[in-house]
Amino acid sequence: MKIMQVEKTLVSTNRIADLGHRPLLVVREKAGGARQVAVDAIGCIPGDWVICVGSSAAREAAGSKEYPSDLTIVGIIDHWAGD
Amino acid sequence: MKIMQVEKTLVSTNRIADLGHRPLLVVREKAGGARQVAVDAIGCIPGDWVICVGSSAAREAAGSKEYPSDLTIVGIIDHWAGD
Amino acid sequence: MKIMQVEKTLVSTNRIADLGHRPLLVVREKAGGARQVAVDAIGCIPGDWVICVGSSAAREAAGSKEYPSDLTIVGIIDHWAGD
Amino acid sequence: MKIMQVEKTLVSTNRIADLGHRPLLVVREKAGGARQVAVDAIGCIPGDWVICVGSSAAREAAGSKEYPSDLTIVGIIDHWAGD
Amino acid sequence: MKIMQVEKTLVSTNRIADLGHRPLLVVREKAGGARQVAVDAIGCIPGDWVICVGSSAAREAAGSKEYPSDLTIVGIIDHWAGD
């Protein structure tokens, strides 16, 4: 799993129905790193350092085997100082 | 999921039957980045910033578990300024 | 999916039975990039620019869910000028 | 599989129920490399060089097909000198 | 699939039962590249240039859908000169 920091919510009005209403968050591995989009299965706020699971495990972690996610936040790290 | 920008449609006359008639788009993560090909499940136009799902989730997002995609556009981002 | 160019056929006499007789091709994303091996599901010749699907979708694209491929050529691009 | 070194335990109080009580460890491929999080299926201690399996195989290696892992420690290397 | 060279056998006494007795080999894509661990489904010796399959295909290539591999050697290349 990757250690990433939540930056903000991503707004995507026009999206496939399978994504439902789960929040999509912009995350990044480190300051200056490429931004990615993760499905929030926890309830995070900007600034949180989180554990993101990828690969096929991201689907079930997002709620069901059919959920179209390849990056899902599965935990908030209690203390993290960045890299 | 990755944040990518749509560049243009890709024409591939000679392709496997499983790809069907879904549009294939050339996308890239940032200006100068490597181009990739994504299946369009939304209806995008060049210039759009989009959310692309990879891994095994790309198949079902493209319509069925049997669809041979490893990168599928699942949403258009309302506002994005590039990286 | 990745955009790659076919370089040549790869000869591997000693291989697992599951690979069968499908042709294995050496491909690369760009001149100087790392070479990879792709299963040819189309019928390509050296120099062709092709669409390669990876992840779990590569198996079914190669013919069956049991086929041991993680990179399968699913289409030839009509016109491509390199990157 | 990747060769990684165990750094420490990761504490994440707020996490999805599917992660259960399996220990989560911070691992890295080499000094200075990016830290990742792996599920420990063996019983490691900081400093151990371990074999980490990713992709969909990480789920079953962590105990069940439903376990949300994309990186699981499956073995401790007897002797390893770093890279 | 990746083109890698076999370096040596990896000894891991303490490993999960699912790995069984299949040999684990240290492989690398090129001199100086990062070392990885691959399951040998062929019978290789150090110095061999081999085809390694990753992703979910690595599991079945290693013998069964339950085998915890994300990198399996599926063929020896007859002639290869390095990159």
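Per-chain numbering from 1; labels A, B, C, D and E assigned in written order.
Convention: a contact is a pair of C-beta atoms (placed from the backbone, for glycine too) under 8 Å apart; a residue touches a chain by one contact, two chains touch by 3 or more.
Computed from a prediction, not measured in an experiment: that's the story for all the values here.
Both subunit B and subunit C derive from one sequence, and where they touch, under half of the residue numbers involved are common to the two copies. For the pair subunit B and subunit E, the distance between C-alpha centroids works out to 32 Å.
Taking each chain's centre as the mean of its C-alpha atoms, subunit A lies 20 Å from subunit B.
Subunit D has residues 54-56, 58 in contact with two or more other chains.
Taken together, the touching pairs link the chains into one ring where each has two partners.
Around the ring, proceeding from subunit A in the sense that reaches subunit D first, the chains are ordered A, D, E, C, B.
Of all residues in subunit A, those touching subunit D in their complex are 1-3, 29-30, 41-42, 51, 53-58, 60-61, 72, 74-79, 83.
Remark: subunit A residues 10-16, 18-19, 24, 26, 34-38, 54-56, 58-59, 66-71 touch subunit B in the complex.
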